[in-house]
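Here subunit A shows up in two complexes: once beside subunit B, once beside subunit C.
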Partner chain A sequence: MFRLLSQKMRRYRTSSSDNQTQAKQNASPKYLSKNLEGNLQVLREELGQSSDVIIRDMKISSNSDVDGAVIYIDGLVDRNLLNQDILQPLMFNLQVIKDNVNQKQSKLIDFIKSSVLTVGQISGTEDIDTVIAGVLSGHTAILIEGVTQALLIDTKGWETRNVDEPTNEVSIRGPKDSFNETLRTNTALLRRKIRDPRLTFQSLQIGERSKTDVTVAYIKGITPDHLISEINQRLKRIDTDAILDIGYIEQFIEDSPLSLFPTVGVTQRPDVVAAKILEGRAAILVDGSPMALTMPFLFIEGFQNPDDYYARPFFAAAIRWLRLLGFTLSIYLPGIFVSLKAFHPELFPAPLLVSVAAAREGLPFPVALEAILMLSLFEILREAGLRMPRSLGPAVSIVGALVIGQAAVSAGLVGAPMVIVVATTAIASFLVVPYADAGALLRFLMTIVAGFLGLFGMVIFQLEILSHLAALRSLGVPYLSPVTPLKLRGLKDVFIRAPLWAMDRRPEFLDSSDKRRQSPGQMPRAPQTKPGKREG
Partner chain B sequence: MENRPISSQQFSALLFLLLIGSVLVYVPGITAAQSAWIAILAGAVIGIWVLYAVISLHEMFPGQRITQISTLVLGKVPGTILNILFLWSIFIFACGLLYDFYILLNFINPAIAVEVLCFIIILTCVYCLYQGLNIIGRLGELSVWISLIFLILGIGIALPLADFSNLKPLASAWKPLAAGTFFSADWPFAIVVVLGLFLPLVATIKEHTKQIYGWYLISALLLAILSAETLAILGPELSESTRFPLFLIYRLIGFGEFRRLELIFLFLWLISGITPIIILYQGLNFIVQDIFRLKDYIKLILPLGLVLGVFTLYMFPSDMLYDILENKYSPLFTFPVNFLYPTLLLLAAGIQKKRASSKSTPGSAPARPEKPSLPATRPR
Partner chain C sequence: MKREKRIKIYVVILLIIMPGFLSGCWDSHELNKLSIVSGLGWDIDNTGKVTMTYQSIIPSEIKGSSGSNGGGEQKGGSQLSAIQLNQDTGSSPYDALSRYTQHASRIPYYEHTQIYLFGKEGVQRGIYPFLDTQARNPVSRPKALMVVSAEEKASDILGIQDGMENIQAFGMAAEIKLSATFSKYPEVTVLQFQNRLLSKTTAPIAPMVGIFEETGPEGKKIRRTRVVGTAVFKGDRMIGQLNERESSGLLWAINEIKIGFVMIPEASMEIVSAKSKIVPELQGDQVKITIEIDEESNLVEYRGHQDITADLVHELEKGQAKEIESQVRAAVEKSFALDADVFGFGEAVHRKYKKEWKDLKPRWDDIYSRIEVLVKVKTHLNEIGDVNKALIKD
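On to the complex of A and B.
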């Protein structure tokens, strides 16, 4: 029954997408005519009557009678650039233009392009749709009477946010810049870090209506070609109205959309993206989003932090273990407490058991329900803290802390040990931010399972999570690499963070074309002093 | 679901878990009393022959499961008859393991009914099998380290409780030693024959046979140490009469104010205990697929799991019946089958190869068995 339904759905989807593709192919391209007024009329119809669409009629050079028009969107273009480098040279009394006006008009446009306009990026087109797409993305179009070609000049210049400090991924020793909403700024931030001519930004537009610029960044010769073609294939498959944020792209291209665990990395730090690209991964940047996606994304990456690589290795390795412990606690701690209390109280040492029992004396709820209530309360506070106006934040924190910390215990609704357990869990959950969402859901599920089946249920559930994780892939790379399938070299950056000079190869599991990233044997050594010349 | 071969490292991990997990709940070869650990080592020697036979058959018929080799070498009818006997032997093992496992869990947590425990275990296995075969390999590769850590930790913590005079006199009578060797060869060592069903999925077996034998020997050694320690702590009588001797040992140990550490080792039991069940269960899927010449085994997973669960619940209504059937009568059937099945196939394949080479003209290259086609298994 389900198979029949899914087959029908698939057939319907295939046929509808075929129809759409055919419709797109049948739409014949429209070209500019020699009649300026006709061209402007078409453009007005296509662009609508929006107040921000500016069509500026003009005479090319002051003494000529050649009509022209400049079209742009107010707010998307740099006005200074438009006035000084386009309108001024075109309209002011330039003898050269006048002389050339007498020539063939088709040559006039080439002349303007090569000798008059003082702008960096100019292209010519005869296609009306290209003109419209260009204008909508911040270009200025110049149309001239009697010419079937338009000039598209890159005059993008809208208001942008400055490059600020990253708010979500704080680093103590690392760089303090983060991506912003402008794609070109983001690519420039990457280009500043990797000055390799093989660093490639491959761009395409996605979104039937939003026409959002999406860029795939990688280094040719390091990132395997099959990864790039797979990413491109997935991006080209997206057929949607609009891409308003990078999250849209993430949901369309991830390997396991129904998994709790992310298989695409998200970061706002250019140094993280640069490091991942240099390892052989690819990044995706989207215009309008201050985040970048990195693929393939493996489970262990969630536990890695940029500061791990900027600090010396020993502390970095210890902190990584701490993150692993924090993640484990954030998922299991409430479940363990519930199962010990409800099923295996003998596991508590006698003094602890007595104090736990005393704290729970007279409480109205069973321990599992108490845990779920407290966890829910914490999630409510967390969500409220995220969404509310910033000025209200401290007030809610005080109320939350008082309600959870004191009032609930004094009122006899929950026991003090449960408050400690939930508070520890809450803090531990923020040690590994990429899995905070997945962790929250798993925590609830684990607590429910513990309430029904005790430790046995937890271990069985854990086995299922493990087998699910083992089945996950990111861009074809097993999610649990390099732990399983085991790649010994890859373990240098898993449970420990080996010194940078010891990590001379790129991760094996990424199957990079250029396997070596540095020469081996670069361990720093003290200079050898000759015997007899020792100091002291 | 995907069709990626499992690596030799993962295969070795599965072998380790199959051997260790099968016996965590009791001392193999306990019939030999204080010499049980010697019986285990002797049983391991018999088991290594089974492993050798299985690997040799795989090298002679690459890409074929042992059940497919059986019909290929012996012919359709005799091969299928042997496969049915093999199926029954594996089925008995799977039931026994499942029973042991849920009885242990019921012993730990009597609040949960055995029926519930049985079906939770079965459904967990079903979930893992639906994920794909290479996922079992990866799960094994992950679990092997957890099991090793817990095992070594357990051995280390319990060592102060050992009284090694319990192990004397050594090999005082040959009859109990022979019986112990027989029973430990039956379970767990001869059960490695089931891995003959997985070998076609292993990527590079030829280059890594040493690794596989190495893991086999490590498992045998660990089992011998574990059994010697159990005997040294509990003594032969208590070791034999206790239902879960290792569990009892872990109950005796403590750490500071924490006196009941046995549940910490629950992880070890669950991970090491469920992997052999998954392996045997998947083995059953393969055998049934080959006997009935099915294209796909996916559809068999759930029904076979339910059969396994229901059958186990009805086959062993009490521990006493389990003891009689599983420890007294079934080895008389399972050991000959598991030992003779690969041996017979290896002999038949060897004879066939000799005949083929004698038929070929002198000086020409010896005829090789025709390269068989890949098993008609749906990619997993």
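On to the complex of A and C.
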């Protein structure tokens, strides 16, 4: 049924995008003319009457009468740079080489580009749309009378947030930097971790109106080419007016939009992205979003944490088991409790049954309803805690924890064991953050199913979930790999975390072009001292 | 084409929704609509009327005793606040059991019944009807304990509050399990009872629980329960009983000794481990059984005034072996007197002599009392420790 729905959606999507691409092809590109005033007129029309668009007329060099204009958007450009390295050289320093001004004006622009402006990134263009796009993304455009070319100078400089500590993914031993909203900063953070010349940032703009910069990051020779071309294809298919956050991209390119489980990874840590790129994945960075997407994303990645790799392997393996347990508990515990109480009390050990029965005594609601009520209450508290203004925090936690938790039990509305179960479940669900939202929905469904059909229903529902997971793909890689399909070598990083010196190959289910990560046999050993040859 | 597809979708949705209503609901039983039966008593009178006694748990009383508002009233003596006794009489066990519909507010729930208690009077008439009901009903557990009441009626015992446990049947089950752990009396589950019953030659056994009176503080009489012996069955009827010594002997022979104590006049020993084997031998029509016992123990008490030497240890080991042998002998003699194969000698012969068994089986009752029994006991006393010298010498 889901497949049918998704097919329909896909058909609808492709047909609508066809219409729009046709419309786009009808508009022909406009070019600059030799007439400066005319060009400025066109630009004024295109950019509108916005107060932040600055068009500054001037004379190129103080003693010639060549007219020119500088166009930029106030707030997007670095004013110091503009004043000192563009306006000053153009208006004053040019007189030293006055002779050149008399030369052909088309050569003038090359001269300015090569000898006058002391800025890093300059390009010339004749296309008005390119000029507008450049200006809107923080470039400064220089137009000169009698020249059909405009100079676009990279003068981007706006207020940005510093590189802060990651707020969502805390690590004890790992690096403490995280992405921020500026794409360049983010790529720089990655570049500082991987100085391989083959690390590639491939950029494109998405969004009819927002014109958001989107960058695909990968290492040539590790990430297989077919993955890159598939990602590019999916990105190019996006036809929307604005990309405000990386989540927009995620929803447009994921493999199974109708699944509860994410098939694209999201992280705010550059070290995580670097590690994933080095394993043969690709990352997507979006300007204006402090997050990065990684693809392909497998189920087990949700249970991996950067600290697993920075600390020694034994505890890391134990913690990974704990996360698996926590995830399992967070989905099944309320369901199991409900079905044991309502359908299979014989499965309780006798003394436990007696105390559970004692706690159940005199409660007005059926146990399934009680569970759903408490679970909903928790979700309400969580959501309120997340969204409300900071200053209201203490009030909500007092009301939530004390009044609802304690009072509900002593008023005889819910049983104390149910409060324990719901609280355990709630905390356990945050052991595995990537699946916290999917887990919450599954938990509700599981509890409802348990309320109707008991353990029998839970088993059936569980089979449904498993077969769904087994059918999922992320960029063509089976979601449950390397467990199923089984890849024995891949298991080194699933239920245990093998020591780093033992993981000498990249995960083979990712099919990366360069299989080896390091030379094998690097287990550290104590130096062998020959008998009889001792120091001192 | 399109319509067909739509119908298909409707059918799928219907198929997903329907099972929710079809199954399950009648099987759902909320805990507060159940009355958990902790122990079940069975009696039969001379007219053949069956009386079932349920001991049910009152959950709200449990809450009171362990929760915040407990401690107010002192529970003492024979006050039974956490359990409730109900009785029903009918022409058969199931008939009696089904009469709860006339007076109960909750459905009895037998899944956690720990004890089946049989009145002494009824058990001599045969408990087959009860065993049949028990076996046919999926709700009851084969791990529940079989107990015979040493009093006339099962209901006499089910109403006695015993010490620390507020649910009497659970307490009684713990009492029996403890006595079995320390190798005093056997612990017999329904499953074990049925197995013995099915083997035709082996006689089923069950521990017996009786009442004894104790004088408490301020001269108050307190009635308590106590394991008093082992009931021996022939088929489904009880035909006799083993006393404390004979019960221990039985456990020694059937390899049911876990830990426990052996007392001889001059010392006491604590059993560390014990193993036994029944080795049958067939000479023509004469069956010879050797019971081999291998025991290891620690010395925990020595009443003499000698230093402990290797010779003395040897002597103690011998005395211990003699004591064990005499216990086993007592059990064997009693079983011969009752003509009930409580040891499973028949099964042992069956296992070793498959061909001859066909011939022996129909005559087993005759053969049984003529069996020659040999008891071989090997004992080992260890860990005497450093206290080798007697504290007071002669």
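Here is the rule we go by: the second predicted complex is superposed on the first by the 507 of 536 C-alpha atoms of A that agree within 3 Å, B and C clash if a C-alpha of one lies under 4 Å from a C-alpha of the other, contacts with A are read in each partner's own complex, and residues count from 1 in each chain.
Going forward, a contact is a pair of C-beta atoms (placed from the backbone, for glycine too) under 8 Å apart; a residue touches a chain by one contact, two chains touch by 3 or more.
Because the structure is predicted, anything quoted here is derived from the model rather than measured.
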item	value
Which superposed partner A:V367 touches (first subunit B, second subunit C, both, neither)	second
A:A357 touches, of subunit B and subunit C: first, second, both or neither?	second
Which of subunit B and subunit C A:L117 touches, first, second, both or neither	neither
Contacts of A:F456 with subunit B and subunit C, given as first, second, both or neither	both
Partner chain in contact with A:M91 - subunit B first, subunit C second, else both or neither	neither
Touched partner set for A:E346, first subunit B, second subunit C, both or neither	both
Intersection of subunit A interface sets (partners subunit B, subunit C)	343, 346, 350-351, 453-454, 456-457
Interface residues, subunit A side, partner subunit C - complex	1, 4, 341-343, 345-346, 348, 350-351, 353-363, 366-367, 452-454, 456-457
Of subunit B, residues touching subunit A in the complex	7, 9-10, 105, 108-109, 111-112, 117, 120-121, 124, 127-128, 131-132, 135, 138-139, 141-143, 256-260, 263, 266-267, 270-271, 274
Complex contacts: residues of subunit C adjacent to subunit A	5, 9, 12-13, 19-20, 23-25, 27-32, 34, 36, 57, 59-60, 62-63, 66-67, 109, 111-112, 114, 139, 141, 167, 170
Residues of subunit A defined as touching subunit B within the complex	343-344, 346-347, 349-352, 453-457, 459-460, 463-464, 466-468, 470-471, 478, 480, 483-486
